[in-house]
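Given below, in the form of structure tokens, are the structures.
You will see chain A twice below: alongside chain B first, and alongside chain C after that.
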Partner chain A sequence: MAIACVRNLFAVVALGGIYSFLMALALLVLDAVDVSMTEASVGAGVSTVLLLGALYLTRIDEAPPLRVSAAPMVVALAAGAALLYGSWDLPPFGDPAGAIHHHVAPRYLNQVIAETGVPNVVTAVLASYRGYDTLGETTVIFTAGIGVLLLLKGRRRRRDGGGAAL
Partner chain B sequence: MMHRETIPRVVTKLLFPFILLFALYVQFHGELGPGGGFQAGVITAAAIILYGIIFGLGAAHRIAPPRLIEVLVPLGVLIYGSVGVFGLLLGGNYLDYFVLDPDTVHGQERGIFWVEIGVLVTVSSTMIAIYYAFAGRGR
Partner chain C sequence: MVDAVAHFSNWVTVILMVIGLYVVLARGNLIKKLVGLSIFQTSVYLLYIGPGKILGGTAPIIAEGFTVYSNPLPHVLILTAIVVGVATLALGLALVVRIHEAYGTIEEDEVLGREGDT
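== the complex of A and B ==
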């Protein structure tokens, strides 16, 4: 809420970093250490640095909007309501009878040592059982990186070299 | 310009090798504990970016040259893809690790190892490249 209200963009970036750290803690509590690590380093670390770098290039205060429009708020509330409505059909959190625990999860959990010899089931699923998905994920990161580089570097080609940081 | 900030500089110098070591631990211990190529790549990139913030972009360019980073971005995807092609050449399906070694379990471990290396290379170099592109713009 504060993020939406504050006009100072520096404060917005700082609040975003705090939010990411809180999310990392929440994921840690949920035993998702991998995701928590990613959230802490990407969400709180790298993206905060990138946003600060972007701030360095612009002004620190948000420009006042030309006219206030209600349409984005309506869209956001409608999407939130639809998600809430959809969540009623989900099984309760941690329900052992949920469909997700009876499809392929038992096979992964029971066969993973015999088939891959990797004790960490998350790694085995990501890299072996779901190898195609992870290949696609890596390709997405590659494509995104190339796209950002082309956008940012398109203008200045021959001006490399050292200098001050951010 | 930066010489007044003694404490961040000293702390960064002290922490830098340990952050990289932690990244390597997350990478190669990912089979046993939490972590893997993506996490290790992000931690590596964070270490380089921290170094760049504290010591200036030029110093970061000296330890991770932009040319090298630009080569590494596609190299990681190629490593990942070539693991699959290697499986094809050995008579299996694409990304089939069982054929990588006579002992199928060992083959799986070998396949996962190389795939994770590919993810590490692409993720870390992409992050660093984006940081370089941002930080190098304001001048």
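== the complex of A and C ==
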């Protein structure tokens, strides 16, 4: 909530880092240890560093809005109400009879030692069963890295060119 | 009352989603928009991880003495989503830096205003 109201972007980024750590704790409570570690390192660490870097390259204060409109609040609250209405039909929290616990998950849990020998099921699925998908994921990250490099490289060259012209 | 506890994780998810959506829609500052997008994204993490939890279960690492494990599949999906999310965040921030370079501002209103002038 404070993130929406604070105008100093440095404070926004700091609050975002704290929020990511809290989210990592919540994920830990929900038994998602691998996800929790990734969120703590990537979400709270790398994202905060990236945001601070962007702040260093731009500026740190947010301008007051030119016009204030109620439409975004209405849209957000309407979407929230619709989601709450829909969530009422979901299975209750922590119920082993829920639909998602009876599809492929038990098969992975029962066969993982025999088929891969890796006790951590998340690692086994990520690297062994779905290895090609993980390769695709790294391709996405590689593409994003190329994009960032291209965007920022053109910027530096233009600045150099401008300096030479002066 | 039991019902309220049973759906608490969904409520938290929806509240975070609404906050994120509001920040993305209402705030003109591009960096704040990206932070709002991150909040929206974490609410999606909760949306996936929350139903995967089984009460009384443990983390899905096969070990002696445990028989009930939480569902590992949402964890795999969200692990991928976090990493891809950081990649998109980096790309978005690079775009913001370039916009700041071209327009001298990172406010959406001012960028649109300068676009209209030229």
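What to note about this one:
One rule holds in what follows: the second predicted complex is superposed on the first by the 155 of 166 C-alpha atoms of A that agree within 3 Å, B and C clash if a C-alpha of one lies under 4 Å from a C-alpha of the other, contacts with A are read in each partner's own complex, and residues count from 1 in each chain.
Quick note on the criterion: contacts are C-beta pairs under 8 Å (C-beta built on N, C-alpha and C of every residue); 3 or more make two chains touch, one makes a residue touch a chain.
All of these numbers come straight from a predicted model, not from anything done at the bench.
By the touch criterion defined above, A:Asp34 reaches both chain B and chain C.
In the superposed pair of complexes, A:Leu90 makes contact with chain C only, with no contact to chain B. Of the two partner chains placed by superposition, only chain B is touched by A:Lys153; chain C is not. Partner contacting the larger number of chain A residues, of chain B and chain C: C. In the superposition on chain A, A:Thr139 makes contact with chain B only, not with chain C.
By the touch criterion defined above, A:Val121 lies against chain C but remains apart from chain B after alignment on the C-alpha atoms of chain A.
By the document's definition of touching, both partners, chain B and chain C, reach A:Gly53. Across the two superposed structures, the residue set of chain A contacted by chain B and also by chain C is 33-34, 38, 42, 46, 50, 53-54, 57, 119-120, 122, 126, 134, 141, 144-145, 148, 152.
Residues 3, 5-11, 13-15, 17-19, 21-23, 25-29, 31-32, 34-36, 38-39, 42, 45-46, 49-63, 68-76, 78-80, 82-91, 93-98, 100-101, 105-107, 109-110 of chain C are the ones touching chain A in the complex.
The touching residues of chain A, counted against chain C in their complex, run 1, 3-4, 9, 12-13, 16, 19-20, 23, 26-27, 30-35, 38-39, 42-43, 46-47, 50-51, 53-55, 57-59, 62-63, 65-67, 69, 71-73, 75-77, 79-80, 83-84, 87-88, 90-96, 98, 100-101, 104-105, 108-109, 112-113, 119-122, 125-126, 130, 133-134, 137, 140-141, 144-145, 147-148, 151-152, 154-155, 158.
On the chain B side of its complex with chain A, the touching residues are 1-2, 26, 30-39, 42-43, 45-46, 49, 52-59, 61, 66, 70, 73-74, 76-77, 80-81, 84, 95, 97, 104-106, 108-109, 111-112, 115-116, 118-119, 122-123, 125-127, 129-131, 133-139. Interface residues of chain A facing chain B in the complex, by the touch rule stated above, are 33-34, 37-38, 41-42, 45-46, 49-50, 53-54, 56-57, 114-120, 122-124, 126-128, 131-132, 134-135, 138-139, 141-142, 144-146, 148-149, 152-153, 156, 159-166.
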